[in-house]
Amino acid sequence: MSTPRPSQRQPDQLRDIRFTRNYTKHAEGAVLVECGDTKVICTASVVEKVPAFLKGKNQGWLTAEYGMLPRSTGSRMDREAARGKQSGRTQEIQRLIGRSLRAAVDLDKLGERTLHIDCDVIQADGGTRTASITGAFVAVHDAIGTLLARSLLTESPIRDFVAAISVGIYQGVPVLDLDYLEDSGCDTDMNVVMTGRGGLIEVQGTAEGAAYSRAELNALLDLADSGIRQLVALQKQALGM
Amino acid sequence: MSTPRPSQRQPDQLRDIRFTRNYTKHAEGAVLVECGDTKVICTASVVEKVPAFLKGKNQGWLTAEYGMLPRSTGSRMDREAARGKQSGRTQEIQRLIGRSLRAAVDLDKLGERTLHIDCDVIQADGGTRTASITGAFVAVHDAIGTLLARSLLTESPIRDFVAAISVGIYQGVPVLDLDYLEDSGCDTDMNVVMTGRGGLIEVQGTAEGAAYSRAELNALLDLADSGIRQLVALQKQALGM
Amino acid sequence: MSTPRPSQRQPDQLRDIRFTRNYTKHAEGAVLVECGDTKVICTASVVEKVPAFLKGKNQGWLTAEYGMLPRSTGSRMDREAARGKQSGRTQEIQRLIGRSLRAAVDLDKLGERTLHIDCDVIQADGGTRTASITGAFVAVHDAIGTLLARSLLTESPIRDFVAAISVGIYQGVPVLDLDYLEDSGCDTDMNVVMTGRGGLIEVQGTAEGAAYSRAELNALLDLADSGIRQLVALQKQALGM
Amino acid sequence: MSTPRPSQRQPDQLRDIRFTRNYTKHAEGAVLVECGDTKVICTASVVEKVPAFLKGKNQGWLTAEYGMLPRSTGSRMDREAARGKQSGRTQEIQRLIGRSLRAAVDLDKLGERTLHIDCDVIQADGGTRTASITGAFVAVHDAIGTLLARSLLTESPIRDFVAAISVGIYQGVPVLDLDYLEDSGCDTDMNVVMTGRGGLIEVQGTAEGAAYSRAELNALLDLADSGIRQLVALQKQALGM
Amino acid sequence: MSTPRPSQRQPDQLRDIRFTRNYTKHAEGAVLVECGDTKVICTASVVEKVPAFLKGKNQGWLTAEYGMLPRSTGSRMDREAARGKQSGRTQEIQRLIGRSLRAAVDLDKLGERTLHIDCDVIQADGGTRTASITGAFVAVHDAIGTLLARSLLTESPIRDFVAAISVGIYQGVPVLDLDYLEDSGCDTDMNVVMTGRGGLIEVQGTAEGAAYSRAELNALLDLADSGIRQLVALQKQALGM
Amino acid sequence: MSTPRPSQRQPDQLRDIRFTRNYTKHAEGAVLVECGDTKVICTASVVEKVPAFLKGKNQGWLTAEYGMLPRSTGSRMDREAARGKQSGRTQEIQRLIGRSLRAAVDLDKLGERTLHIDCDVIQADGGTRTASITGAFVAVHDAIGTLLARSLLTESPIRDFVAAISVGIYQGVPVLDLDYLEDSGCDTDMNVVMTGRGGLIEVQGTAEGAAYSRAELNALLDLADSGIRQLVALQKQALGM
């Protein structure tokens, strides 16, 4: 089967995915996720308090922040801490990561504590937001494991696996897991977040140029579905399950 | 047909929609859009310059900003100008509005000028972002009309109509055009932006609680499709076309 | 009597003034005030707490914020929320609005709650700060009415009516209620805030070019006095009193 | 004549006023002004460029900034540079200082340069804004003198002297030049800026509690007029004129 | 002995040093320190609370802030309050001042209160940070004296005197107490903070151009040691000890 | 020889040091430096322009930024980009890194371009600022190598090696290369930056509790000197020299 992809991958082929658990030593969960050349450090920190709006409600919270090292990209970007604010893109991504992972965790069973996710991109080659979600799930799983091991929880609040992937239409062909070159050149770009059982958590599809049809949308969702099944299998393998 | 909706509307029934053109006098396009009790002032301002990254490229730009009056909502929100920054939600919405309307306009035919869209919510009852897109299209159309009338353009750069609507699953039933009560209580919430010819521009579906299935996604997209066809018809009517 | 005014109004003639109560549905008081082409949404929100410096003192507070929609003016202004700060002019105006309306309300009788005034200009044609004060008084009156109706107050804390108007010397002639054209071209500009009983609350007179004399000051104050009497009569009429 | 003033001054008596020219060595004009215990360093700096909106118009500009040392007051205030923004009060004052001094200078004769005024309060005891204006005029005069001495100007652009004073109604009696104790306790507070020839530049009168009458306004303006005549005489004496 | 110094001072000669106590009236300690043409107002304010991290620990705190008046320098600098943030240099200096003076005070004996130091440069000619430390020590001594006089303390928490000086290598010669001209032209610049008993508190030596040797470092420290002994003697004299 | 160190290291023993070149793929120089458990990604980015103050002067610039991932530390820190500003500590460190590396590079030979250093701590265990300098030197060397390889430079502007280390007095004993436990418990803490030829670039010694003597200073500098010689040898080895 011929492929138009600069990466020579088949249309339905993921990049090489690798999870390195315990990548750093302080966080309760700390995972380096690599999707091809995209590399993100995902940590899950347990903070023993909840935001004001949840105080006394006997439930937990999960929130996420996202950042890119200034030279994670081809040309150096301004450091957001130096500019004094996070871009709209950054805020959009960290809201997506938080929402996606809250779907994986039963906050009522977490106790009055917060899981604080940090996803920091150290090298970018497309798909940093979906890699962040996929890697952060493993970090969350490890952080929950730490809480169980310390008897701070007696039952896991994890409801299901969660993973994410990008899909898009590149030179007329629906393809899975866009790298930077493909992402820059594609017409339609979609990020999909799904559970281990195959439920949809988030679908975000954007026409960059021409509008797309329902048929194209369906082809993309089929691709995403197959990719996420593979990602969940890799997450399980990384977790020794 | 029975309906679970607090508004007593049928599942596939839009709220009353109204466009008031020339709502204010200074902007090249100025529209008050009302979707039920949601009211947004949408202005399109022509600014005769482009951002730095487009200078000398002989093309135009379109960008959007969004805000809510502090008491457009049930309880008073902080004023973003006083807090000194726009929330992540605000930035996410204004990026969506800008992206959606850029799909409607051929920027190569706009000349080196910027259409600056402002969507300011004066009363909120759910669906402010989709109402903003739908109303802003009419304001853009009027602003282009002004440019044509002043012979600053000889050909309209508008490629197609654009409108947006929210859909969701409320008490198990897919429903169209959520108001605030429905939005707060629904499981899955999706915003859809489409062209007049029925192409998809943007699909953003989020599971608030349980994940959703492909079948549910399809039912929601069908509803959105029918709603947007009605909205485009109303836009045309408002524009006297 | 001949007049030098671009608007053709007599020197002592107000623009058409209109108050639309309950202009939006959420706020305890919500008034659209129109002074000619100047249109301001004034809301008074009841917030059941007081600032830190008043806690436990058994008295209330009233504070005000002011903003202009970016395209309320002839050319688009930057959005203050996007720039990340309010201009000096904005702060000066909102301090004036707050001070003026605090003169209208006996804060000792308000209970430990705050009246939060928001004045948002949707169309500007001169005199936005005085229109804001005049309109906000009606909104405050309605908000107090709401508190009385809900038996949260048993006695009205309103001490007197308050209204405001601008006056200036245009082409050598003292004139009342400057519109934008007159405001831009006038030598001396004065904003006057008075009570229903004719007491002065605030006088702010600025020489834009040449200094002005005591005689001119007196002529301007006479004009303001007559204008404010008319405004208070219109406020009463709008309130059905 | 008996006086209600805590300072034992007569109602129409100024505090001791002192101008120290060349108080610091770098600025083109540098004056320490002392009004009783209120002490302000006023510098006028010549900057050989104008703001963007004046470029190429062959005229100059004058702008002012104001600040208080954190412990210039009875209890320590936050440092505005550390808080990251200037208060509304600060901005209001610096706008007033700038406006007042622009009335003193013919900007068309200044050349394309900016006079940048800085008024920094090192000890506060009421009346810091009026002392700033009165002292800054002397600093501006010295800065113009420097420009003339360096042959950068051949003719002085100074049109007239400018000075400012506060007046108020303290325990029912109109008094001149309020110190902190009087200012805190007075009902009506007015700041008046006038020229050497007796023209009004700015009148800002605020009722702190009860409204005030036209008769009271007139009594206060009479007091201000007499005070400013004395201040201008002292400015001339300090300048050796 | 010949000297290369623009100031004609001998290599080991301090500038004229003067302390004016009670320079302003509100602060518990208020000192104007003059080192040649460098003039800094140093105030020590007693604030009867401690930062959150020290609450309930029965000890005090000392913190410092630093600023320069915009025209304390040869050309006008931006006002940090107007720019909305303190520069890195400012923060570095105020951290140094705080650290240096905390070494002088036994915080366990201070009680739960904060000494808040403010060092504001009104005229700069090199060495503002070291002058600030030397002057602030006298202000702290006075503030402690105030607390003892008011019986808020029964024993002085001051452990030792603290003073600071700059040294550098100018045209190959180690010199003491650099003024602005020397500072701009020197190769190596070192700030030294020492106690009255001769202990080192802080050494900060920076090669501006070429690296420096241990021998040069030692020569500079010898000079600093002699300078600081003189400064401590002058502090004692100013304090009447 | 007995040692008081929690790490069981000898007083003059460095931690294990490792440099991983080309750690990420985009930057012209990209080094992961590990000093025991402290891990910092140091990138050197070539940006083909210079700051405004150097334009047209035919010389280059080098500047540095520093950051810590929120969970690089034992408990999670706030993300500086989210807080909207860099701490004083961060700014102090990045100024030190920039100054230190500018000493290593002849900016006159760099051409009109900027080397932008980013040091991002991914795991912290004491000594992050000195590790940053030592690692960033290797990244700068690689970036210069890239410029030479691309014939953008014909001669290396590197003047000498630069490395940095911390030393301190721990339980009375001078020790080399403090880890977090030692750093928290030590009395005197000094950071030293030196060149390959043994010249001093920067000495920053701070008494945390008691002051320190010249003899102690000398012992610390001896330790630092020996440590930096080893670090330079390791840098050379990593660079294959």
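Note that the chains are named A, B, C, D, E and F in the order they appear, and that numbering of residues resets to 1 at the start of each chain.
Here, a contact is a pair of C-beta atoms (placed from the backbone, for glycine too) under 8 Å apart; a residue touches a chain by one contact, two chains touch by 3 or more.
Protein identities per chain, from UniProt: A, B, C, D, E, F = Ribonuclease PH.
The structure presented is a predicted model; accordingly, all values stated were derived computationally and were not measured.
Path length between chain C (Ribonuclease PH) and chain D (Ribonuclease PH) in the touching-chain graph (shortest route): 1. Looking at chain A (Ribonuclease PH) and chain F (Ribonuclease PH), not one chain touches each of them. Put simply, the C-alpha centre of chain B (Ribonuclease PH) and that of chain C (Ribonuclease PH) have 33 angstrom between them.
Centre to centre, using the average C-alpha position, chain B (Ribonuclease PH) and chain E (Ribonuclease PH) are separated by 59 Å.
For this pair, chain C (Ribonuclease PH) with chain E (Ribonuclease PH), the centres built from the Cα atoms lie 51 Å apart. With centres set at the average Cα position, the gap from chain A (Ribonuclease PH) to chain B (Ribonuclease PH) is 28 Å. Each of the following residues of chain A (Ribonuclease PH) touches two or more other chains: 84-85. Order of chains around the touching ring, counted from chain A (Ribonuclease PH) in the direction of chain B (Ribonuclease PH), is A, B, C, D, E, F.
Note for the complex: chain C (Ribonuclease PH) touches chain D (Ribonuclease PH) at residues 85, 88-89, 91-92, 94-95, 99, 103, 160, 190, 194-195, 197, 199-207, 210-214, 217, 221. Within the complex formed with chain D (Ribonuclease PH), the chain E (Ribonuclease PH) residues making contact are 24-27, 30, 37, 39, 41, 43, 45, 47, 65, 67, 69-74, 76, 79-82, 84-86, 90, 116, 118, 120, 122-124.
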